[in-house]
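In the two complexes that follow, chain A is the common piece, with chain B as its partner first and chain C second.
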Partner chain A sequence: MKVHPGHEITSLQYIFLLTGVQVGVAVLSLPRKLAETAGTDGWISILVWWLVSMLASLIIVQIMKNSPRGSLPDWAAEVLGVWAGKTIALLLTLYFCVLLYDGLTKSVLITKTWLLPNTPAYVITVLLLLPTYMIARHGPRIVGRYCELIVYLSLWIPLVYLLPLKQAHFIHLLPVVKDGWQPILTGAKEMIYPTLGMAATFVLYPYLKHKEKATAAVIASSSLTMLTYLFMTLICLVYYSPDEIAEYNNPVISVLKSIEFRFIERIEVPFIAFYLTIFSLVWIPTMYLATFCSSWLFARKDIRGQLQILCILIALATYFYTPTLYQNLMMEKILIGFGLSVEYIFPLILLSFIVLYNRLRRRNC
Partner chain B sequence: MILMERVAISGLLANGVQQQYVMNRHLFHRKPYAHQWEGWQRIMKLPHNHQSTEHEPDLEEHIPDIIQHLQQLFTDTPDLIIRKLSIVQTGEKAVLAYLDGLTDKNSINNDVLYPLQFEKGGGDPGSELFMTVGHIVPYTTWAKVIEAILNGDSVLFVDRRKEAYALDTKGWPQRAIEDPQLEPSLKGAHQGFLETGSQNIALIRRYIPNRELKIKQLAVGKRGPASVSILYLEDVTNTEFIQLLEDRIKAINVDVIINTGELVEFIEDNPYSLFPQLISTERPDAAASQILQGRCAVVVDRSPSVLIAPVNFMAFFQSIDDYSTRWSIATFLRMLRIAAFFIAAFLPALYIAVVSYHFEIIPMKLLITLGESRGRVPLPPFVEAVLMEITLEILREAGVRLPAPVGQTVGIVGGIVIGQAVVQAGLISNVMVVVVAFTGISSFILPNYDMVAAVRLLRFILMILASLFGFVGIIIGFMLMIEQIIALRSLGMPYGIPLAPMRFADLKDTLVRVPLWLMNKRPISTSALQSKRQGNSRFKGEEE
Partner chain C sequence: MKQRLLSALTIVVLVCLTTTTSCQDQLNLEDASTPLAIGLDLNEDNQFEFYTSTPIFSKNIKKKSLEISGTARTLRQSRALQNAQSPGSAQGRNYQVLLVGKRILQHEDWITMLDIIFRDARNTVTDRVIAVEGSVSEIMLLNPPDQPMLPILLRGMINTSSGSSETVSTTAQELRRQYYEKGMTPSISQVKVKDNSVLVTGTTLLHKGGKFAASLGYQESILLNILQNNARSGVSLSYAIPGKPQTGPFHTDMISFTAQKLATKIKTSYKRSRFQFDIKLKIAAALTEILFPLTIQQDYKKLEPIIAEQVKLQTEAMLKKFQSHKIDPVGFGLNARAYQYQQYKKVQDHWTDAIADASFHVTVEFTINSIGPIK
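Our next item is the complex of A and B:
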């Protein structure tokens, strides 16, 4: 599937798209998970894993540099044969579908818990799928624009999170590295789930307007992700006491409960509604990516047919079976394993293969 | 030898454009040589809506034949006047035909009939004729002659000549230039467009007296071709827009275009979207400033509004007054309008969502007052809100349709009904009245009528969503609205520009309006050929 002119995305859109897929729903529970394993030093784990994830995304970009005009399945089909391409397309389709389904069910569960307790989950799913379909059908450029716009529209959110600092106790952070490095490194594994999404580069790289800036863009995007996580985690760590934080499922939302104005109480309610736009940064791009890969698999030019099928499938699936919060956590665990292999291990193997392959080919010449 | 005949029209009509040639004001000299006519044809190659084949000359040479043919063509046309005369200058016989009412009587009497009949000093038959008409075109085909007559020219047939002369004696009923009705301005000009295309072009030209202001003329409509002119600056406007616009207008195949609004329906990018994708303005200064930014203006003859293309979403929040007031207040007004857009679209939906789903976010004291007011109301919030919003819409429509003196009465009755009676009767809550009044007033400050119309419909969609799903519904509506803004195109340009895709340089004239001397470049969103529009114009401050 060759890139059509007029579908290129700018570097900023690419950065925000990657960051959006990563941050999306993952940020909500991250401070709790980090606090559970690494205690109040959890924020150091973010810095540690930041380096790892940046390395992984750089590897992905290195791989994609071999295929400036096609996505990863295109490259694989060209170099390794059609079936290799199909396998990779299938793998990516599955992976993006799981990512999409996880993000979507999390959003649905959060919506159901906080905003619409009496509405059946499948209704909320259909509701969320509506804008998803509308935006994803336009292709990468519109998805990129959407991510960009939503990021700009959410720039005010960090300011609100400064408000709880009135009751903050910075003493919670001290002493730094209180239990040695062991818990910090263990905590870093909690960062796998929140950094998933770098695989988008496998599909989006050919659409980049300035491919030479791709390296800088992934560095910027993982740094932006890291800053977001660091900011939210630090706020939660200084606001909650080290023992209390583990009691909240989504501390990032619960923090807001402390904010109260004379004219509005329970500020988290409108916030979660607005957060749906940020959550959508997970499922809208992954919806596009998944259907892109599946269209590639079935050699379809237009993704709309696949998009409709996927939307209907998801809606039907949620109608017959709605995961509970616990099952969603189980799915998250599966996703962590899957993601670790697709986004960290698989690229590493692929890159070493490519290096070897190129060297062999050069020697043969 | 004066003969006035009343004859009739058959439906025979000509295609093509009324061709405009400015010739020497006093002299009219054109010999009926065939090669010269071909030369004219070549020069006169104006774009046609549909390819008309080059007609063979088919005019009769003898006056009686011509009169007979005219009578056959125009049956049941009492306003066609056929005047026989003999030309003193050359001694030839002639016939003048025109439609009474479309022509200027003074001009025909003083500039055509008088010189032809009473001023001597001409040459032999077939030589030049002296008339004090500025603008004379020779035609050799009936099709062109008919078209000329129907468009208000008077046509002079001379015995034994192969061509007839269309004399520009147009003069139809027309109103005087007035203040624009829909877009009044405090400090801007007070001239609005009229119903005559050529005058509208002149109004724009007054602002841009520049050779580079080019006009592409097309004719739209089979039965009553209206001349549609695309105005643009040749060295500024991106040629893609002109090409697209031209192609789209040429594709129109209709009887008649009555108004610019009809043209819009045929050429806009996405007819199913709620959002307007082209601006129609009735202000020459606004049109001129848009042309200077690198956009095209489309003047449709017979319509008092001019189209601007391509436009983006944020252009609907700009008003020409922004540039004639100081930048600080202009910036404030911009932000006010953007806020008003969201209030007008979202406020009733938010009310419904809060009252029926999320009342826990209201602080206790406010909740008690709200509860007191809501408690007496028998209607659910959604019905209450829809009822009130529909009342508002009815009042607004009533105000528009009624003549001004009666319109005021509607305002008073409506104000009392909305304001007090419904609340006292316990039908509607106090807060709802506040919400409706607020949305109504907010929608009035948006400068563009089409955008207000979009907001009015958007409001109802959001209200339905809010009544079904509370805040979630509103957010879904918001996301769908964003989808529209980022995915729509106006003449191929992204509608969301400069917000999505983000063009930081263009924000200078979008969310804020920075001082004019900081806007040295044309907006990127028009992708103009010449981006620089001014140099450093601000004097250097005196040293202290």
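Our next item is the complex of A and C:
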């Protein structure tokens, strides 16, 4: 599928899209996971994994430089044959579907815990899928614009997170590197899940308006992601006692409960309602990406048909079966394995293959 | 055409879905009954008792609040009894204060009874936890005609008292932190009923498990807040100056000051197999009351170290009290963890024993900033 004019996305949209898919729902539980393994030094793990994820996203961009006018399946079909293209398209479809389903069920579970405990999950799912369909069907440019808009609308959120600092104990962070580097490096593996989403480049690269800025854009996006994580994790670490933080499933939400205003009680309620838009930065782009890949697989020009099928399938699936909290955690584990192979290992192998292939071809010429 | 039909169909399906199934979370305000205070106590047979106080919004009813009580095994289980006695469905979403009776504080681990407050995401966690000297029923059923509703009265009293540091302001969330934090012990506000009126009497200090340990008066509470670096400028302390004459029934040897600048520095070290905390208090104050004759221009240089000595003595006495009860409401454990981590790690599970064994060195630096408009 070649790129049509009028579908290009700007660098800024690309940055926000990648960051949105990564941050989305993953940020909520991150401080707890880091505290469980690395204690109050968890924030250093973020910095460690920052380098790794930046390297991985640079590798992905390096791969896509070979295919400026088509997505990864296009490139594979051209160079390795149709079946290689189809395999990669199927792999990416599956991967984006898992990412999408995980993000969506997490959002539904959070909505159910905090806002609507008695409403059936499928009603919430259907209500969330409607705007998803309306945005995703318009293609990358509208999805990109949506991400940009939501990021601008959420710029005030960090300010609110400064309020709990009144009860903060910065002394929790001392001493830095408490128990040596071992727990910090172990904690870094918790960062795999929150960095998933870089694979979007495989599809979005040909749509970039300024491809020469792609490298700078992925560096900016991974830095933005890490800054967000660092900020939220530090707030939670200084607010909660190190002996207690592991008790909260989603410390990023729980920390809001302590904020008191004269005019509103339970401030976390409007927050979670607003957070749904941020969570949507996970499933709206991945929904587009998944249907893009599946349309490629079935050689359809228009993604709309695939999108409708996917939406109806998800709605039906949640009607008959809603994952419980533990099943969702299981799914997260599967996703971590899947994501590690698709976003970290697979690109590395692919890049070494491309380098070898190019060298061989040059020699043959 | 087909597109329009499809979107119309979607809208119809959605409307049906939301109206038929999702009303389960709906609660009309007139059907809700929102207690503003909850009290926990034990009766003579050590059975768990709960009390709630709900405001009544009605013109024709003279009494503005409804008190509900009963015995139950847990707080969640008490919901049925609450519903049975109130006009609407009882909601735990607006508690302002959480009262804990004296009999509860004689037992350990009562804080686990509060699990519902944290586990049900819809409950507030900013309710102030208050210890009652006496029974909760006494205070809940008091209803003096000349005072505002109990929850509002209590919350107001705690807010103003803790604003001037005369008690602590421990929310349920904060209590949970102090309970789980290994390096400190909890402290909560304390009230009692005296001559048919409610008054704040200072701070209740709890053992690590939540059992009652000791009480602090107003001035000691201020010092506790100063040590925790929680006290804001404006706190007022009074001391008797030794050697000054008293005339008649009047304490004419007293001097009072308002702290304008407060700084607490705690230096942590580990010497001779015990922790040592060097506490340095810096107070710059305005004298607000001097009841003995004084020529301030000449005497203030002499007065400063005398007041400093009084502050030091009281602080040291308070620290001794903490040590004899094996409690650490200040949270010296946090300092120990930050600066002597290797040593702290060994004793963190029985930190209160370590604090009883620790040594404290208090130094107070007191400066008089101003003496007011009269000499």
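Rule of thumb we're sticking to: the second predicted complex is superposed on the first by the 365 of 365 C-alpha atoms of A that agree within 3 Å, B and C clash if a C-alpha of one lies under 4 Å from a C-alpha of the other, contacts with A are read in each partner's own complex, and residues count from 1 in each chain.
In this section, a contact is a pair of C-beta atoms (placed from the backbone, for glycine too) under 8 Å apart; a residue touches a chain by one contact, two chains touch by 3 or more.
Note that the structure is predicted; figures quoted are calculated from it, not measured.
*Asks:* Per the contact definition in the header, classify A:D243: touching chain B only (first), chain C only (second), both, or neither.
*Replies:* second
*Asks:* Would you sort A:Q167 into first (chain B), second (chain C), both or neither based on which partner it touches?
*Replies:* In the superposed model, A:Q167 contacts chain C only, not chain B.
*Asks:* Between chain B and chain C, whom does A:A273 touch in the aligned arrangement: first, second, both, or neither?
*Replies:* In the superposition, A:A273 contacts chain B only.
*Asks:* Please work out whether A:K257 is in contact with chain B alone, chain C alone, both, or neither, and reply first, second, both or neither.
*Replies:* second
*Asks:* Is A:K178 touching the first partner chain B, the second partner chain C, both, or neither of them?
*Replies:* second
*Asks:* Tell me the contact category for A:T119 with respect to chain B and chain C: first, second, both or neither.
*Replies:* Both chain B and chain C are touched by A:T119.
*Asks:* Looking at the overlay, does A:S352 come into contact with chain B only (first), chain C only (second), both, or neither?
*Replies:* Neither partner.
*Asks:* Taking the superposition as given, does A:T324 touch the first partner, chain B, the second, chain C, both, or neither?
*Replies:* neither
*Asks:* Is A:L12 in contact with chain B, with chain C, with both, or with neither (first, second, both, neither)?
*Replies:* Once the two structures are laid over each other on A, A:L12 reaches chain B alone.
*Asks:* Would you tell me the residues on chain A in contact with chain B in one complex that are also in contact with chain C in the other?
*Replies:* 115-116, 119, 127, 130, 265-266
*Asks:* Report the residues of chain C in contact with chain A in the complex, numbered from low to high.
*Replies:* Where chain C meets chain A, its residues are 10, 14, 17-18, 21-22, 24-25, 93-94, 121-122, 124-126, 171, 173-174, 176-177, 180-182, 334-335, 337-339, 341.
*Asks:* Taking the touch rule as given, give the residues of chain B at its contact with chain A in the complex, in rising order.
*Replies:* For chain B paired with chain A, touching residues are 357-358, 360-364, 366, 469-476, 478-480, 482-483, 486-487, 494, 496, 499-502.
*Asks:* Flag every residue of chain A that touches chain C in the complex, lowest number first.
*Replies:* Answer in residue numbers: 113-120, 123, 126-127, 130, 167, 169, 171-172, 174-175, 178, 240-244, 247, 257-258, 260, 265-266.
*Asks:* Mind pulling up the chain A residues that touch chain B in the complex?
*Replies:* Per the touch definition, chain A meets chain B at residues 10, 12-13, 111, 115-116, 119, 124, 127-128, 130-131, 134-135, 138, 142, 145-146, 148-150, 152, 262-267, 269-270, 272-274, 276-277, 280.
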